[in-house]
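Note that chain A is present in both complexes that follow, paired respectively with chain B and with chain C.
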Partner chain A sequence: MNAVVAGITYRALLGRRRIILLLLLPLALIGLAVLLRIFDGDDQATTVTLMQTFAISTMLPLLGLIAGTGVIAPEIDDGTIIHLMSKPISRPVIALTKFVVAVTLLAVFAALPTYVAAWILVGNEDNIAAGFAVGSLAAGVAYAAVFLLLGVVTRHAVTIGILYALVWESLVGNLITGARTYSIQRWGQAIADQISTSAFFESDVSLSFAVPALIVVTIAAVLYAGRRLRAFSLTGDE
Partner chain B sequence: MSEIYDIGYRHYDGPRLGRGHTVLALTAHSLRGVFGLGRPARSKIVPFALAGIMLLPAIVTVAMMALIGQRGMEYSGFAVVMQAVVAIFLAAQAPTVVAPDLRHRVLPLYLSRPLTIVEYVGAKVAAMTVAVFALVATPLVVMYLGELVVDMPGPPATGEFLGSLLMALVLAVLLSAFGLALASFTPRRGLGVASVITVYLLSSASVPLLYGMMVNTGNDAIAPWAWVLNPFWLVDSVQSWLFGTPPHSIESAAYPSGAGSTAFLLVLIAVGLGALALRYRKAAAQ
Partner chain C sequence: MKIELSEVSRWYGNVVAVNDVTMTISAGVTGLLGPNGAGKSTLLHMMAGFLAPSNGTVTLNGSPVWKNHRVYRDIGLVPEREGVYGFLTGWQFVLSAARLHGLSDPEEAARKALATVEMEEPKDRRVETYSKGMRQRVKVAAALVHDPAVLLLDEPFNGMDPRQRLHLMDLIRGMGAAGKTILFSSHILEEVERVAQHIEVLVAGRHAASGNFREIRRLMTDRPHLFMIRSSDDRKLAAALVRDASTGGITLRPDSLEVQATEFRRFATLLPQVAREEGVRLHQISPADEDLESVFSYLINRSGA
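After this line comes the complex of A and B, so read on.
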């Protein structure tokens, strides 16, 4: 961990207009929750639907993508990463620092709004709010690691990440049951299911697979991102 | 023709093709850029892969007509069914049209030529419109040609096909105006991609929830208006009003009044173009 690198990264992601991008989806989630509350739709089934379709499968991958690639890809894109890499800071430490920054951002902009939205709807009933918050945090950690690695490996990180999140996790995952096993958001849902005791929520993936998968993917992605940064070559812009 | 940008090289004495040609050249250049033509192979992967995905249902439909004599996908519902792919294409490629010029601050260079900012923005919007239209219309044409070749029983659905082509053009104008406006707010490509897809996902994920919420609480009068918040369903509602096609909303829920959604569509296009004009008035001064 390096405090200066972390500070620069926070400023790059939260500065000026860019914070709007991070705020848009969480505010929409909370707005929907408030509307549902006003219109009297605040039962457990609706809450679980909102959490599953909006919080976990739309907001979380997208924020993971913005935070995960945003901590490093813009710097690589405009070449300023060279100033960072020419300093005597170990490259794996840079990767780890940027990963931690992305995770804290996801905790604030994804897990916290998820808790607030569920809490607005059903309070602390059956631990739905806590379950989805912890689930989205756990999945957020893995998303941050994977998308950080993607940002280091390719310049088309955001597009590839969107293809993974929308086509593989949403489209294919909704049609083919087997694909759900290899989807980060489903692993997060498995953890949410473990904590929540709601009868309206059932996860497709077992916890004994989800937890090791999350840990392995996260550690492997951060380690590999650090390795890639060590032998990083700045290629010209297309 | 007076030009500010003259660094003392030998002058060009050949024929001058005029401003129309400048705009056309810029449009063609931007359009080539959308599909990665004239750029490295890795810039071509994403647009052509997405175009390939768009063609898959058309090929399956033609195969179904040929082998089992059944119509697969309707022309009118194609854009709505494939909306995620179209949105990803828009998000991935809109920044390639506007971001490089903003990032390298070459706008003053463009404007030192006899090209106005309106023509510049117009060329960019036209290029993106043609690209999105080609993406949606090519599979439709493939399906229609397939229908003609297979010679299905009954007359071919020519009216529906032509209507869906027109609607694909309207959709392309709406998406390009909005996509470019959003993408032009940042000179960084990654952020541009993220902001376009964020706005799309916001509209696609929240609309069915809003609709369900309104219906469940007995607000049946306002409920159909939820659909107009998503560009694809908005254009489909206009199509269903103009051509009498069935609604392709989730579970074929009813659309709001056609005139209302048409007005909303026109307002949205105007807002998108207006945002672009405002953005570039500022960018040109940098």
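After this line comes the complex of A and C, so read on.
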């Protein structure tokens, strides 16, 4: 970890208008929870549906994409990354720092609002709020790593990330059962299911697969991102 | 400290950007001169550890530069692209560089670097409000903050006004005199002449010439020159000039002569002499290929021969 790299990355992501991108979805989630509470939709079944369809399968991957690619891709695009990389700091440390920044952003802008929204609806009943918050955080860690790697290896990180999150995880994952096993958000849901005791919620991926998968994907993606940064090349200026 | 390039080539697919370059950059100021697209940036990126050579080696005092972040203790890099965080102030930008280097007194180092480039007054303004020249200077300050032994600058004078340019030239000359190893790239001969003790010329990816500016100037002066001449009797003048060995070739145009002079100095005395002897009045003599591109193309043909 490098505090200067982290500081610059936070400022780049939270400064000015960019923070609005990170705030929009969590505010929408909490707004929906408040509306459901007002109009008597505050039962466990509705809460679980809101958490599954919005918090963890729409908001989390999109925020993961904004935070994961946002910590590095814009700097690579405009060349400012040279400022960090022309210093005696190992490139894997730069990658790790950027990853940690993305994870903390997801904890604040995804996991925490997920807890708050569920709590508004059902309080701490059957650990639904805690389950989805921890599940979001665990999946958020993996999303941060994968999207950081995408931001390092391709200039089309956002497009590819959206295709993965929306087409593979949401569309294909909903239609083909087998695809669900290879979906970060389903791994997060497996953890949520383990913590929550609600009868309205059952994950279709086992915890014994989800946890190792999250760990392997996260570590592999961060390591590979560090390796790719070591071989970062400046080309085509002439 | 010295940077050594040994048989360095870099290609992108089938395109060769740098072709078998061997050179040593030692203490003092070296200018990397070449037209746009000659491969100067590619070569500089390889020296700075931001590009792997396809072939050959680039070392700093014997250590490979590629994939070696330790070299940045000794290297300061001023890239051509802006590469400055617009949301930081000049002070924050230079201070962050000092901290990234892990200096013991980063504030003092940042203050000193900003003073060196005369950017103390606007240091608390955000970089995005700076002019191009100011951004350039703040980049130089960030590159100098750890007092590196080697400084690499890619087209550092671009976008600077004349006063800032002179100031940076003085700064570079001073650091070179103090024993630092400095390399800067430029496509403007006059710029390089004024600052560099040593010049490396790169043309079409090849190392076309090397020497101090007097040697490079001589090389450029002694090359064949093309002149356009208008006179009272072009045909008579052509017939007289062609008899001398310093005249390479003559083309008779409807209203002028195009003369290729193989030996510049001899031709310069020959022309008025012949004109006087033949009774021809000279109306106009103008160099037809004084642009840098033709100088470079001469050098590349010469180095390829």
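The rule is simple: the second predicted complex is superposed on the first by the 234 of 238 C-alpha atoms of A that agree within 3 Å, B and C clash if a C-alpha of one lies under 4 Å from a C-alpha of the other, contacts with A are read in each partner's own complex, and residues count from 1 in each chain.
Definition applied: a contact is a pair of C-beta atoms (placed from the backbone, for glycine too) under 8 Å apart; a residue touches a chain by one contact, two chains touch by 3 or more.
As the structure is a prediction and not an experimental result, all values here were calculated from the model.
Once both complexes are superposed on chain A, the partners chain B and chain C fit side by side without clashing. Of the two partner chains, chain B is the only one touched by A:69; chain C is not. In the superposition on chain A, A:78 makes contact with both chain B and chain C. Once the two complexes are laid over each other on the shared chain, residue contacts for A:12 go to chain C alone; chain B is not touched.
In the superposed pair of complexes, A:233 makes contact with chain C only, with no contact to chain B.
Touch criterion met: A:32 reaches chain B, while chain C stays clear of it. Contact with neither chain B nor chain C is seen for A:220 once the two complexes are overlaid on the shared chain. Once chain A of one complex is fitted onto chain A of the other, the partner contacts of A:86 are limited to chain C, with no touch recorded for chain B.
Put simply, chain B and chain C get as close as 11 Å, counting only Cα atoms, in the superposed view. In the superposition on chain A, the residues of chain A contacting both chain B and chain C are 78, 238. By the touch criterion given at the top, residues 39-40, 42-43, 45-46, 84, 88, 91-92, 103, 185-186, 188-191, 193-195, 197-199, 201-202, 205-206, 208-210, 213-214, 216-217, 219 of chain B touch chain A in their complex.
Contact residues on chain C toward chain A in their complex (touch as defined above): 12, 17, 36-42, 45, 48-52, 67, 69-73, 75, 77, 79-85, 87-88, 93, 96-97, 99-102, 142-143. Of all residues in chain A, those touching chain C in their complex are 2-5, 7-8, 11-12, 15-16, 78-80, 82-91, 230-238. The touching residues of chain A, when paired with chain B in their complex, are 17-18, 21, 24-25, 28, 32, 35-36, 39-41, 46, 49-50, 53-54, 58, 62, 65-66, 69-70, 73-74, 77-78, 151, 156-159, 162-163, 166-167, 170-171, 238.
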